[in-house]
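Report on one structure; see the data block that follows.
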Amino acid sequence: MDNYTKFKLALGVVATIGLYTVLYRENRFYRFVEHVFLGLASGWALVTLWTETLKEKWWDRMVGVASANGDPGIPGYWAFILLLPIGLMGYFVFSRKHNWLSRIPIGIILGLWSGQQIQVWFNRYGPQMRDSMKPIFPTTTDSIFVPMPPVAPDGASPDQLANVAAETARISANVYPTEALTNLVYVFTLLAVLSYFLFSFEIKGKFLRGMTTSGRWLLMIGFGAIFGSTVMMRFTLLIDRMYFIWIEFLKQGILGG
Amino acid sequence: MSLGEKLMSIPKWVLYLILIVVASVPLFIKIPVPNTPLEPAIDLYGTLMNIPEGSTVLIASDWTKSTRGESNGHFDALMKILMRKKIKACIYSSGDPQAPQVARDAIGVLNMERKAKGLPPYQRWNDWITVGYFPNAEACANAIANNVRVAFGGKTDYTPEGTSRDVFQSPVLKDIRKVSDFKLMMVITASKTSNITIERVYGKGVDLAMMVTGVMGPESLPYYSSGQLKGLAVGLKGVYDLEQMLESGITPGMSAKWGTVPGFPGDSNIGNGTRYYPTLHFCLTLLILAVIVGNVGMALSRKKAA
Amino acid sequence: MSQLFLQAQPQLNFWNGLNGTTGLWIKILIGLALGVGLIFALMSAPTQTRRPIVAFVTFISGLFYVLYFFFPRPIDRQPGELPLDFVESVSFYIDDAFGVVTDFTAILSGLLLGLGIYSLLHVHVKRIIKAHQNWFFSVVLLVSMFMMTIVGYWDWITRRGEAGASLDDPANWSAINYTKDLMFDGLLQAMDAAMFSIIAFYILSAAYRAFRVRSVEATILLATALIVILSLMGAVEFLWNGMIDGMTGKDPGSVVNNLKLTEISKWLRDTVQGAAIRGIDFGVGIGALAMGLRLWLSLERGTGGGN
Amino acid sequence: MLSQVSSWRGEQYLDTGWVPPAFTLLLCIWVLLNIRRAGTGKDLFIRRIAGLNAIDEAVGRATEMGKPVLMVPGLSDTVNAIVVQALNIFSYVARIAARFSNPILVCCYSAPIFTVGQEVIRDVYNEEGLGDKFDPDSVRFISDRQFAFAAGVSGILLREKAAATFFMGEFYAESLIFAETANSIGAIQIASSTESTQTPFFIAACDYVLIGDEFYAASAYLTRQPVLVGSLVGQDWCKLTVALTVLIGVLANTIQLGPGSHKMITQEKRDAKFVNVEGGPRPITPDDTFMSQLFRKQSDPELVIERPIDPTFVPPADGGGE
């Protein structure tokens, strides 16, 4: 491993340790690393502002692209310049007299966002509604649980295979009692949780109160599950950092093992 | 202070110290972990293995070094399959400006491995291209759904000769007219780009599959169970599942749907999954212990109070 | 009509011009002048017209997506085709505009970044001048910010054009590329990862403190979390399931299989967690939709449409 | 064949494609209708939301201790309704703080958020007639990089020793960093994330948490503005509509699949047309049901429309050039 890489690793390790020290308590070392972090971040934001956003999305479209090796080139569309003054109106926010101007670019951004909500709502939730419409009554009772689909014997004849396929299709199509029960739980959970988020109704009467209470409990099950599955990632990232410090830097870098 | 109170009030830094030790030591020891892959991961592997040779998949690579632990494992596993099955890949990113470079580096590392084993490299421009970064994820997904030619229009990548040319002249994209020409759209993400993509690309005739970090897992699972996703690998467990299947494939009894799907036994299938998964066990055990200790402490001090 | 926008096969018209031509530059300058004029015009707009103006602008911007959603979209449109009638020409127009309009948010937000930087400078320069106790750290912040900016742009310039290809390989790097790599990859990215991984510690302490069998809810939360965590531990799961296989004699058809840890946690996730999240998301989604409506139509007093 | 299809037909309305616009429209109508109802002075009921009552208490405590109230309106890339909503709640907090002339700190993740934040908070001070008391630096841009922001905010939390913290809006992984840091300095925490995946962490570490769209209900509950209250009622109608649709779907599918004995079908819908099932009848699947087909539009590949080709158009056969 060359010295540059080692040095780079070392820097990374120092920064990592610096940030970790906050776990004990806020200290000058952390404060230093924190401010370097913030500085680099905003510096980088300034760089990407042009290199990643404005140049490609705005400038190039405004002035166009010269034709080069085979590509015919793209003409510029001057109207894009109008976005500049609109954007600059935001800078009036500090003016006592004209600060309302800053609401124009913000208004545009908000308007676009709002319109998009209307456009994407169904794309997002339609399929989920469709999927929630699960059958809650068994269509067969020849087995309580979902049976295993048959496995075709090796070298099975075509019609044997056909039978197997048909049987598999039948099993996957059927709704067995346990499936029905699961679906019932699913639908109930969904409705209970929804009812928990009704704000304009007085929760009166055994049924409604029971519904919302169970809604809240079912929510907690959901949250517990989320917590559980999230934990994995968090620890993985920590392990990865430890691998970075001990193996990549110390073992492979310094000790060259 | 009674034992109960002691158990209930372990200072944070002690816990933290223990965690550091627990997360470090096992890294130095090789521990094989028995495991059975989860269904979404099996579906993912099956789907990938059934993509015909020579076809192109679209990959949204939206991860960077900060989630290296999980996403890099996902990416490597995916790429190993594509490389070995000679499937072409078009990589774009709407998650982070750095993502394309990170992806290129990751492929570089894998090519290094191939070189070491005397295999031909997975060649940029001929086997894979990066069309770069798109700052606005929503817009990007919309554009891709509407018209790939426009979405990636004007983007260039470098040929082996080092000249930059329009991506649509590359073997990877030359036959791509619309998004449904891709055999699969794969999203590897550590952020919401997964949902954003589904909302806008689902139903445009291309199969979707995802590799997401543990956090995005719960959010993505509904999409898998509603059939909007052909496969899903979640977090380190997902990585480990894939690496296991890379080694031994899908064995009978593992999945009624796929039956038997071959793996690549003996190939370099070891990745982050195999490296980190054992350590993860120790960390999770520590977490559970901490919870138990806390509750025991509470029980004890309650008894005392009573 | 759609000639206002970038097209698949652009023809020159009033709205565009070839790259680098003076014609285009003049158009751009006129456009800029118009824009600046607009600013001054608005500055002198009477107070009572201000709210309507903002409301109007907001409405128009939102209207685009609403039209895109509701206005009949062209059926089976192929590249290069011309609209048959007025309706189609409108729908073609919306189609072409889509890719352009979706970028406005990014562009405008980008143009506002200066305000953020101004805020930073304001806070930290003030600290330095007033020799606030943490003034040194403010210096650190500003210095690293400027260095990153300069190095970043410099490096970017070296990577443009043909040279960019060769720079994918560190062998051809110059000092500036190394510095940028050091600051960005070596420091910034490493710090990201470090800060991200710090969460693991907090999870431990939070779980230790909060996961107590206090109330029904807390207990439910705790129990589910534990089941899922255990199911994520391949070893535990393997042993548990192995035990069950022992009971069933590996009979795949057996009922007992449902007691497998993976099965339980899968059931919990698919059935309860899936449904619960969906329940929340329906609510949140509708909330966002309603909020969107209120902002779009400036029904809300305050932030959205202005006072 | 189908060139006689009117261009008013609209690609998105073909087959069952009319459902999405219709459904969305219905929801919008519910909301607007109720906003009208509320506007006409009809006072509508809202149930109390635990956690919101804690706001005053939290600010009060901060005042006693003479320590600042720290607020973070989420990590949205730019201003959107979520940010606006968070700022609406914060303006309520800031108003109380202003009255007690208690220091506040609003940490912004992006420049647009900072812009709106300045505006909103300054307005609050002006409305309270305390314009001169407003310190522009109390609304700060920290960083638009997720973990730099996290580091910065926890630094500020630890140094300023905030007594009350409000984290509301879009929060992701960093939520727990904020929550635990604030907890370690003993601040009262009221939090809410529109990301259901982050809520459990807030629940674990914070004193009060607004779950799901309680967040959207908050400002209606706090301000009692007719518009907000009305829209909240409208949202309830929308939720009921969704619930009802799902319920109907459940029953319809259950019946159509044939409770007790699984039904077979001889016809299936493919490419927006009903065709006979090849190889005789097959068991009906959930995809064959009326409701699921209503919710999934099928497109007909045979539907082609002849249009004149733009003479200047060069087909991109070479793949390049676009």
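Chains here go by letter, A, B, C and D, matching the order in which they are written, and residues are numbered from 1 within each.
Keep in mind that, in the parts below, a residue touches a chain if its C-beta (ideal position, glycine included) is under 8 Å from a C-beta of that chain, and two chains touch if they have at least 3 such contacts.
What you see is a predicted model; the values in this text were computed from it and never measured.
**Q** If I count C-beta pairs in contact for every pair of chains, which pair wins?
**A** Highest contact count belongs to chains A-C.
**Q** Any idea which chain sits dead centre by C-alpha averages?
**A** A
**Q** Could you work out which chain's C-alpha centre is the most distant one from the centre of chain C?
**A** If we average the C-alpha coordinates per chain, B ends up farthest from chain C.
**Q** Where the CA atoms of chain A average out and where those of chain C average out, how many Å apart are those spots?
**A** Centre separation, chain A to chain C: 10 Å.
**Q** Taking each chain's centre as the mean of its CA atoms, how far is chain B from chain C in angstrom?
**A** Between these chains, centre-to-centre, one finds 20 Å.
**Q** Pull out every residue in chain D that's touching 2 or more other chains.
**A** Residues 21, 24, 27-28, 78, 81, 84, 112, 115-116, 119, 136, 144-145, 147-148, 151, 159, 173, 196-197, 199-201, 203-204, 211-213, 217, 232, 235, 239, 242, 296, 316, 320-322 of chain D each touch two or more of the other chains.
**Q** Please set out, as single numbers or ranges, the residues of chain A touching at least two other chains.
**A** In chain A, 19, 22-23, 31, 33-34, 37-38, 40-42, 44-45, 51, 53, 57, 65, 70-71, 74, 90, 93, 103, 105, 109-110, 113-114, 116-118, 121, 123-125, 127-128, 130, 132, 148, 187, 190-191, 194, 197, 219, 222-227, 229-232, 234-235, 237-238, 240 touch at least two other chains.
**Q** Would you please write down the residue numbers of chain B that are in contact with two or more other chains?
**A** Answer for chain B, listing residues that touch two or more other chains: 12, 16, 19, 23, 66-69, 135-136, 138, 149-150, 153-154, 163-166, 169, 203, 215, 218-219, 222, 225, 235, 237, 280, 283-284, 287.
**Q** Which of the residues in chain D come into contact with chain A in the complex?
**A** 19-21, 23-24, 27-28, 44-47, 49, 78-81, 84, 112, 115-116, 118-119, 122, 136, 142-145, 147-149, 151-152, 154-155, 158-159, 173, 196-197, 199-201, 203-204, 211-214, 217, 220-221, 232-233, 235-236, 239-240, 242-243, 245-247, 249-250, 252-254, 257-263, 282-286, 289, 291-292, 295-296, 320-321
**Q** So in the complex, which bits of chain C are touching chain B?
**A** Chain C residues touching chain B: 8, 79, 95, 98-99, 102-103, 105-106, 161-162, 164-166, 168, 185, 189-190, 192-193, 196-197, 200-201, 203-205, 207-209, 211-214, 222, 226, 229-230, 232-239, 241, 252, 262, 266, 269-270, 273-274, 277-278.
**Q** Going by the contact rule at the top, pick out the chain A residues touching chain D in the complex.
**A** 19, 22, 25-26, 30-31, 33-34, 37-38, 40-42, 44-45, 70-72, 90, 93-94, 99, 102-103, 105-106, 109-110, 113-114, 117-118, 121-123, 125-127, 129-130, 132-141, 169-170, 172-175, 183, 187, 190-191, 194-195, 197-203, 219, 222-224, 226-227, 230, 234
**Q** Chain C touches which residues of chain A in the complex?
**A** 4, 7-9, 11-13, 15-16, 19-20, 22-23, 31-47, 49-51, 53-54, 57-58, 61-67, 73-79, 81-91, 93, 98, 100-101, 103-105, 107-119, 121, 124-125, 128, 132, 144-145, 147-148, 178, 182, 185-187, 189-194, 196-197, 215-232, 234-235, 237-238, 240-241, 244
**Q** Could you please specify the touching residues of chain C with respect to chain D in the complex?
**A** Its residues touching chain D are 8-9, 11, 69-85, 87-88, 91, 105, 108-109, 112-117, 119-120, 122-123, 126, 134, 188, 191-192, 195-196, 198-199, 202-203, 205-207, 209-211, 221, 277, 279-284, 286-295, 299-304, 307.
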